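Both complexes below contain chain A, partnered by chain B and then by chain C.
Moving on to the complex of A and B:
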């Protein structure tokens, strides 16, 4: 396929704008000095600094997506708008931050199960789901999800009946997908806030279902 | 649905927004990562209010004529401003002294 699929390849100006070795060294020295000063004074510990980096690199902030899903469950008109034009409907709730990428919401039903992936890199609907989990970016998920989606789902603990059609959506720099999971049974009297709390990140990627609250 | 990262840091928008690609934070060099950690850790420990830091960051970016608009997130530059804002913040809070503690 000669289809254009450029994903998030860094633009060429990136290389031209790299700092020189001398500039980098000067900046390294500046940071090292600041860090040593603050650690020696006991204001901050090296351990804390490492922890911060790991937290923010692996940040999970799927709350925006959960709000979108819960709204679609309680408001049929919103659900229709979401499926017709997700970019616009998500913006209605005040979530954005994408730069030209379109959001598409795909709905799970009793007969169709959707999964989102990015087979070439790690495109991800981050304004609604936060940062992607590590496995989403790793080659095993990215390569196998298209070939053997059912097998991958089993590894995630989700066994689908053969009668359910599985659809895999390959994200790109232009289009980001979000799964609208099925509303679990036993939530009939739940408020929108209570429903929001049930929605998991994995269910919006499509590698999990939402369990009925016990 | 754990979220340990603080929203005011992770979800900054506009001029001060953290450089990201596909949602992930971008660090070109190790020092950028260390500078990021310093700023966030000190804030989380209550050394300063995030918005005060953010204002310094925005001021630094805006004062740079090459980057009067939002910085290109895929190129270096953002963390120079971050570092400048952090130094300013720490001097203001009396945690460091500009004359003796900084390499300028």
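Moving on to the complex of A and C:
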């Protein structure tokens, strides 16, 4: 099966393009000029721009989502609330806002595997996962995840048995999806903090499972 | 508009190549483009209007630009469209002297609270009585809107089942074109993989997608 799926993904030379140093420099200059113009016109301020960068580089990232997942693993009542009304349950832990206004959590089990995507653009739950990785926003994932999710998972090193039901969630509206991964075997005695450290970004997108720590 | 951004179901782009330990940004210019995009968002109107700017890039530009290059092109386009600066100013990078009182930019704390509070698309007004119930069979309408739409091509004409109701949400197709928010029920609709991709697709697999009521019609039989 893996062989068949890999055959479905021919190389794409023009997407491998890398900028030359001169092209990168031109791009940097173009952005500097635009920022200067918008600053001088009073449209933006440097302080505000710096704050935005700091929020997305330091405050919002997959650690937030990992906390949500670990809480659901240790607290059954929280898990129920999370699956019933994710926006509200995530807010309990202090997370929410832009690109996470309407959250839905989908649960992976021994028989169901969920994967999140946005085929039209790059919709992604920023408050709990931060900004999306480049692969999530690029054509190979956005196009093939709809038609060949199992083949895409193989590229992430995850081969699913045919008996498992695959569900792809295409984020076409303002609903943002987070996968609640399966709690790995061998973590029975783990604290919530120890569990948080095991949860990966990819497992919350649904392109990976969480390995047993043993 | 049927363009390259609607790429679900294409198989021509090669393998997915995750970058190990990928940083949030790959250079200072990407940081600035993200920040400029968010800081100008209030000025440039609804999100779907801004999404449509990206959709209007030519397919060649769309595919050859990196993600943040597309976002950069969008800020430039929207700034010119809004008359923020003249073509001459954009070309020279120098602001011409003017009598106009300068705009007051959004301050860091206001920006911070926009990010923390978000901009929900759910509405209390509009069409609140849903036409469809969970379990109903529906088909996605086979329509080809010339402007912005979130009705992906790969579900058009296909039959699915209402999985859940998300409540009433603003409608992108009108919101993007300043024709009103037209709030209406939004559904999660489940399509069998075999319905979308043919009988060779895995029989158990399915795809869920969020579709507004105006994208759907009842499927009988």
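Annotations for the structure displayed:
The rule is short, and it goes like this: the second predicted complex is superposed on the first by the 149 of 214 C-alpha atoms of A that agree within 3 Å, B and C clash if a C-alpha of one lies under 4 Å from a C-alpha of the other, contacts with A are read in each partner's own complex, and residues count from 1 in each chain.
As a convention for this text, a residue touches a chain if its C-beta (ideal position, glycine included) is under 8 Å from a C-beta of that chain, and two chains touch if they have at least 3 such contacts.
Nothing here was measured: the structure is a model prediction, and the numbers come from that model.
Look at A:191: by the touch rule set out above, it reaches neither chain B nor chain C. Look at A:66: by the touch rule set out above, it reaches chain B but stays clear of chain C.
Residue by residue along chain A, chain B and chain C are tallied for touches, and C comes out ahead. Touch criterion met: A:124 reaches chain B, while chain C stays clear of it. Once chain A of one complex is fitted onto chain A of the other, the partner contacts of A:134 are limited to chain C, with no touch recorded for chain B. By the touch criterion defined above, A:109 lies against neither chain B nor chain C after alignment on the C-alpha atoms of chain A.
Judged by the touch definition given at the top, the superposed model places A:35 against both chain B and chain C. Using the contact criterion defined above for the overlaid structures, shared-chain residue A:211 touches neither chain B nor chain C, since it reaches no partner.
Residue contacts after overlaying the shared chain place A:27 against chain B and chain C alike. Of the two partner chains placed by superposition, chain B and chain C are both touched by A:43.
On chain A, the surface patch touched by chain B in one complex and by chain C in the other comprises residues 8, 10-11, 14, 17, 24, 27-28, 30-35, 37-38, 41, 43-44, 48-50, 52-53, 55-57, 61, 97, 121-122, 130-131, 137. Taken in their complex, chain C has these residues touching chain A: 5-19, 22, 24-29, 31-36, 38-40, 43, 47, 51, 54, 63-64, 67, 69, 72, 75-76, 79, 84-85, 89-90, 93, 95, 102-108, 111-112, 114-122, 150-152, 154, 166, 169, 172, 186, 188, 193, 196-197, 201-202, 204-212. Partner chain A is touched in their complex by these residues of chain B: 1-5, 7, 9-11, 13, 20-25, 28-31, 33-38, 40-42, 44-45, 47, 72, 74-77, 80, 83, 86-87, 90, 95-96, 101-103. Remark: chain A residues 6, 8-12, 14-15, 17, 24, 27-28, 30-45, 47-53, 55-57, 61, 96-102, 104, 119-122, 127, 130-131, 133-135, 137-150, 152, 155-156, 162, 164-175, 202 touch chain C in the complex.
On the chain A side of its complex with chain B, the touching residues are 8, 10-11, 13-14, 17-19, 24, 26-35, 37-38, 41, 43-44, 48-50, 52-53, 55-57, 59-63, 66, 97, 118, 121-126, 129-132, 137, 197, 199-201.
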